[in-house]
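In what follows, chain A forms one complex with chain B and a second complex with chain C.
And now, the complex of A and B:
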């Protein structure tokens, strides 16, 4: 043994060898069967979840990718492989481009407005001693527990051309010139849907941010106030960094949920009209796959949606990554 | 330049760029076409770049 010319082991090592493996360490001969047993148990425990995940997530997702290379009506047994033809057809489809533009517009505007307003309201409700704070919180949270179809019905009534809340109020205020056909005007219809989306999501995210802000110790704010920090400074220097992980997660989720929510609201409020001007990617995919009997083409749109949502979520996650702060 | 002035200018610039990107998304939507869609996606990338630039000093 190098460094030990006598060939004898130091006393501590010799004792350890004589007594067998040290506690907490596994010898080469004794640990192998134990580890294999643990592995089998872990595998058996995970198997039901893995099977469910494979059957309900992996296989359908792979099937969407596979079907995008076929032309199929959705009902007949005739299914023909067409390669990338469905994707090249998308390039010449103006309605697809419009749906894509509407999806991007809703994603950007609704995310910015919902996140910005949610953060602002949460900060005001947490830091300011407002009277009736619980009532405001309740009122703002109620839309989150309503079904999206109910919200669509509410906003269809609010935006009604003749007796709707908005046009009725404008008429009562003698502002007839400002009355609009909110769900019938091609320039306005998407923003009417966006208002409904913001109304539906705002309370949920506000409550999430309030929960994050409530966990920040009060003495951090007191110390900063003694140093002369204004409420705005406190928000950007204390509140925002300390709820950043919360904000990051909600932002990533919201990107995906906005795409899904836009489909349900568009479907229930406008059906994609007038003349396809409020169509979004998911509603257009649904229309092609299940109404137009172009299942393969619909799945090609699904692949584009998947790639777009995945990419945006990944970029948001990367752009907002930072070390979590401990407090 | 004072540190406070510099950070105020940076915040203003970021806010203006972010507002500009949102305005571009809204404006580009009015015309249907691949070029307008590309403009919208660039504006979306611009928003993400502003977010990443704000977040960079906290990494």
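And now, the complex of A and C:
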């Protein structure tokens, strides 16, 4: 994530900057010995990073936009400019529409559940002084260091039709009627993916919110406790407003990361199946551009995803704007 | 002061809170622990209740995973790719971050804006364009390298990893460099240190906390990636994550759970040990702005 919402979290860097005797940026003008030959040193220092950045990030990104106006298999020399044809074709593509719906559904469900639970856990951990909370924090953050393939593998095992953790347990309890084909049922598979996504990101957001909450001064709570405010009341009247900026940033960030996480997870866990019922936007793009060799078409999907996540982030950011509160 | 409140009136909510937190923690811990245990089970033990403990240490699963499924080999590829990637990214980002933080030059604003924008470009969008670009280079150089050079080359994969994490790395390091008072550099310059020496001998050691954060997050990103590795290394030389993905596909066909679970443990355990060792640092780094999804 690009930095933290300054003001809510006190970054180590900010404290150091404030503590330093001479804050602020310093140019070469401040120190005499750096006057000669600066240009060469600057160039030599910047060039490797800029070249790598340009070749492997800027050019491919521009290519996504450019190639969305072409039909090209990706390998043949036959490349044709077709204007907006790729985009109009998308509207009639039932699989694309389904992938779009799935992405939006996952975005909404996973965001609401993860943020709600994350906030609850963070508030409990910071305010309630639970015994063994560093252990809880350790456990809850574990999924954030695991790879998506591992998580997909774990959940494939948990959801396994015959001997998985869930179905096996149900069978052992003689509740065979409740057994489901978690990853093979068109109506269920998206929920199974959603569960894995929440499982993966919960601890990460909890730790983020804990950091925000830790910076709220204790005396605010003390004063309200003397006034008889319950912990629940304190949460809604103090904690939530004071970490609002923190929350906004994570929400915006959430949109982008959920689009990506759903892809990597779906790709490894279900491959979009059964019959496209768990396909999400990025996995459909990858499938078209890489597996199906409809490169231009895939890039048009990429442009739509990009525009979509940008718009949603913008809307979310607008809708949640409040006057920043000070404490 | 919460102690006073809780002493003043006992809360029934507190018990419920405990139950909820413990339930969530268990929901996270149990599947991981279950996989760790199941990796020791023999073939017949996978049928029936999933809650039975393994009857013995069925280590054959690990032999299968390491040797037959080539996970040992993939492990080495992953180590190589990750280490190389970290070396690349530090080698190019430290000078760039230092210059952006400390020097005035034409186009600095542009460089900063471009890198900031780069923070928002996720690699999942551009992995196929990168792949086709590399394929194109291979085709252009077919006379020099008939077997191809850029695709299926772990070093190129490392380079792509490094390139895609330059924005994040430079952003974090530059912010830290700016926080260091300029007096140290002035003193070093008076003592006759060159610009390069000031950067490597004076500033780099002082930026160690930021450097550690950057290394931690980039390590996790490189080690855990599979989309880029899957796309850029389509041949035999796979990384650990792609190897595990193959094991998953194979298991679906052959129902060979033991080998898959052992393979998962081989992937999980190093990261868990790493996490346990640097837990505090990782979470602090995240809270202090070194946050990456």
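As a working rule, the second predicted complex is superposed on the first by the 268 of 327 C-alpha atoms of A that agree within 3 Å, B and C clash if a C-alpha of one lies under 4 Å from a C-alpha of the other, contacts with A are read in each partner's own complex, and residues count from 1 in each chain.
Just so we're on the same page, a residue touches a chain if its C-beta (ideal position, glycine included) is under 8 Å from a C-beta of that chain, and two chains touch if they have at least 3 such contacts.
This one's a predicted model, so the numbers in the text were calculated from it and none came from an experiment.
> Once the structures are superposed on A, label A:319 by its partner contacts, choosing first (chain B), second (chain C), both or neither.
first
> Classify the contacts of A:128 with the two partner chains as first (chain B alone), second (chain C alone), both, or neither.
It touches chain C, and chain B stays clear.
> One more residue to check, A:202. First (chain B), second (chain C), both or neither?
second
> Answer with first, second, both or neither: which of chain B and chain C does A:188 touch in the superposed model?
Touch partners of A:188: none, neither chain B nor chain C.
> For chain A, which side has the bigger count of touched residues, chain B or chain C?
The partner with more contacted residues on chain A is C.
> Touching A:241 in the superposition: chain B (first), chain C (second), both, neither?
The first partner, chain B, only.
> Does chain B (first) or chain C (second) touch A:46, or do both, or does neither?
Only chain C; A:46 stays clear of chain B.
> After the superposition on A, what does A:220 contact: first (chain B), second (chain C), both or neither?
After superposing on A, A:220 lies clear of both chain B and chain C.
> After overlaying the two complexes on chain A, where does the chain B footprint on chain A coincide with the chain C footprint?
Touching chain B in the first complex and chain C in the second, no residue of chain A appears in both lists.
> Hey, which residues of chain A end up touching chain B in the complex?
On the chain A side, the touching residues are 91, 94, 97-98, 100-102, 104-105, 107-109, 112, 187, 190, 241, 244, 312, 315-316, 318-323.
> Which part of chain A faces chain C closely enough to touch in the complex?
Touch residues, chain A against chain C: 1-4, 9, 11-14, 16-17, 20-22, 25-34, 37-39, 41-42, 44-46, 48-50, 52-53, 55-61, 63-64, 67, 74-75, 117, 120-121, 124-125, 127-130, 136-143, 145-150, 152-158, 162-165, 168-169, 171-172, 199, 202-204, 207-208, 210-211, 218, 221-222, 225-226, 231-232, 253, 256-257, 260-261, 263-264, 267-268, 282, 285-286, 289-290, 295, 298-299, 302, 305-306.
> Given the complex with chain A, which residues does chain B contribute to the contact?
Of all residues in chain B, those touching chain A are 18, 21-22, 25-26, 28-30, 32-34, 36-37, 40-41, 43-45, 47-49, 51-52, 55, 58-59.
> Can you list the residues on chain C that touch chain A in the complex?
Where chain C meets chain A, its residues are 1-2, 4-5, 11, 13-14, 17-18, 20-21, 24-25, 27-32, 34-35, 38, 46-51, 88, 91-93, 95-96, 98-105, 111, 114-116, 118-122, 124-133, 135, 159-160, 162-164, 166-168, 170-171, 175-176, 178-183, 185-186, 189-190, 195-196, 199, 209-210, 220, 223-227, 231, 241-242, 244-245, 247-248, 257, 260-261, 264, 267-268, 271-272, 274-276, 279, 282-284, 286-289, 291-293.
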